[in-house]
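Would you mind keeping the following structure in view while I ask a few things?
Order as written gives the chain letters A, B and C; numbering starts at 1 within each chain.
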Amino acid sequence: MAIVTASTFQVPIEICATFAFALSGLIAGARKKMDAFGVFVVTGVAAFGGGTLRDVLLDRRPFFWVDHAGWIWLMLFLCLFAMIFMRNRHIQLTERAIQIPDALGLGLYAALGTQIALGLQLPVIICALMGVMTAVFGGVLRDIFCNEIPKAFNDYQPYAVIAFVGSLLVVALNAINLPQWICIFIPAGLIFLFRILAIYLEWRLPRWKMESNK
Amino acid sequence: MAIVTASTFQVPIEICATFAFALSGLIAGARKKMDAFGVFVVTGVAAFGGGTLRDVLLDRRPFFWVDHAGWIWLMLFLCLFAMIFMRNRHIQLTERAIQIPDALGLGLYAALGTQIALGLQLPVIICALMGVMTAVFGGVLRDIFCNEIPKAFNDYQPYAVIAFVGSLLVVALNAINLPQWICIFIPAGLIFLFRILAIYLEWRLPRWKMESNK
Amino acid sequence: MAIVTASTFQVPIEICATFAFALSGLIAGARKKMDAFGVFVVTGVAAFGGGTLRDVLLDRRPFFWVDHAGWIWLMLFLCLFAMIFMRNRHIQLTERAIQIPDALGLGLYAALGTQIALGLQLPVIICALMGVMTAVFGGVLRDIFCNEIPKAFNDYQPYAVIAFVGSLLVVALNAINLPQWICIFIPAGLIFLFRILAIYLEWRLPRWKMESNK
């Protein structure tokens, strides 16, 4: 993505973020006691599913992971390594440890996905949705493959919602012609910040106002 | 779709139909007590999933909802509105009320989907399947996102089957060179009619002829 | 696929394999007591889902089943026939009977899928993954439509893993410039052989090395 090569921060952040997303898939597969193939697929889908779905919908090729096939090998060895050395206590440690890189990924992926859609001159709401999809749908597909209702759909944490507001901010900053790296890093940083606040202050989305009976 | 602009009826029918499909997603999300993001995704998938999957398979771009981004905003407000004002009794009322626009949608979407595939000169059975997919797969994807076996797969109601026969009729009417609006509206009307008959007369598809034991 | 028309064996093997994959979908639908539409969709997805997903990701059109629409009609009649004549004891018989054509399909689909990706000059690991996807993802999508965790993910049988090693062999044989039919049939045969061995010798993949408690 020539768009943002200006930044020397992007690549390391992206690596941390993809790693966090991959680990969330690895943990989900381990929890379901999947075999090596299942763990590998769920890990891959969690890491690359959001961006791939975005690219299928926007008809962009080649996919990120086709151009950077080394990542797939890395993921393969990560899964094998985990199956041999991971213990139950590691799962809980990992889950806590990935919250910060996961929040980094939420911000960066949402901002990058929005920027890519803006480059194709799509309407505002579509750009914001593509940002959210990039950041969140890896996890959604991971949960579908694990035969669960996606956590992003019913845990009432402000996760996709923060990414959505941040993605709209990307569009707004582009509209006033700020340099591209600002349009990406300010919203990405704010999404990260609010996601971390949401975790530590235990923010919750409003619930349905139905009667409690039934 | 310049194909059918001749008709002044199509747009209002399409709006009613999309609205009915969206409401079916909204209800499914509400039943599962999903949060705002989950309800929004399931509503969007129910409304636009069938046509989007058809367009991915036929490699058509842009999608309907990319060209008409206003609908996405509308859907967003519909979901927020519903989360604040919807009560349990509304769900049952809504489910009954959407049966008629849903049947309209079944007919119109199946006929339009078939006509689009015919325009690409695909084989008869593929055109009919694209019609059925347009009309039915929004609901199928909605149920997969809700972690249910798709209702269209195991409720034994003649729903997709009626859409399939109607889609074949679209192909037949095109083969005898009738004007395009006739090729669309006659099958769409018949699908609607038979779907309503199927509901009120409680028609059921034949069951498996297996032994009852096990 | 002009690539492999040299071989007079490929077409009959491919027919057997597709038939076996379709039957696995038919059985899955029957087990869930789906109606005619559900059985048809699950059968079709099991037969054609892997190759279709590969072609969507590689942006290849038209799909196999669009070019050979006769197969869809055949599948339609197969499903109707089965719903009338299939009994519980047939399901068990069929499951055992399809193990051999299924293993044929695993080998042939993996080798063909890998060869197609090689023709597009993709990296080694991507070619091998496309082979595995072609062979295995029909079954994965079948299980998702049936609301199950995909069997390929958690039955600990060496199935996708054998296909993966065989797909890497396809790449290796191409690298030393052997004729194309050798690059396809030797790995396909070996995948078949090892899959059959894996069934009869009851090989299992290594399990997670977690503590047994919880």
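One rule holds in what follows: a residue touches a chain if its C-beta (ideal position, glycine included) is under 8 Å from a C-beta of that chain, and two chains touch if they have at least 3 such contacts.
Everything quoted here is computed from the prediction, not taken from an experiment.
Q: Can you grab the rotation angle between chain B and chain C? Superpose on CA, round to the nearest 5°.
A: In degrees, rounded to 5: 120.
Q: When chain A meets its copy chain C, do both sides use mostly the same residue numbers (more than half shared) or mostly different ones?
A: different
Q: Where the centres are mean C-alpha positions, what is the separation of chain A from chain C, in Å?
A: That pair's centroid distance is 30 Å.
Q: For chain A, jot down the residues that touch at least 2 other chains.
A: Only 56, 59, 144, 147 qualify.
Q: Taking the touch rule as given, give the residues of chain B at its contact with chain C in the complex, in rising order.
A: My answer: residues 56-57, 59, 122-126, 129, 136, 140, 144, 147-150, 152-157, 159-161, 164, 205-211, 213-214.
Q: Spell out the part of chain A that touches chain C in their complex, as residue ranges.
A: Residue positions touching the partner: 29-30, 32-38, 41-42, 52, 56, 59, 61, 63, 65-66, 69, 72-73, 76, 83-88, 144-147.
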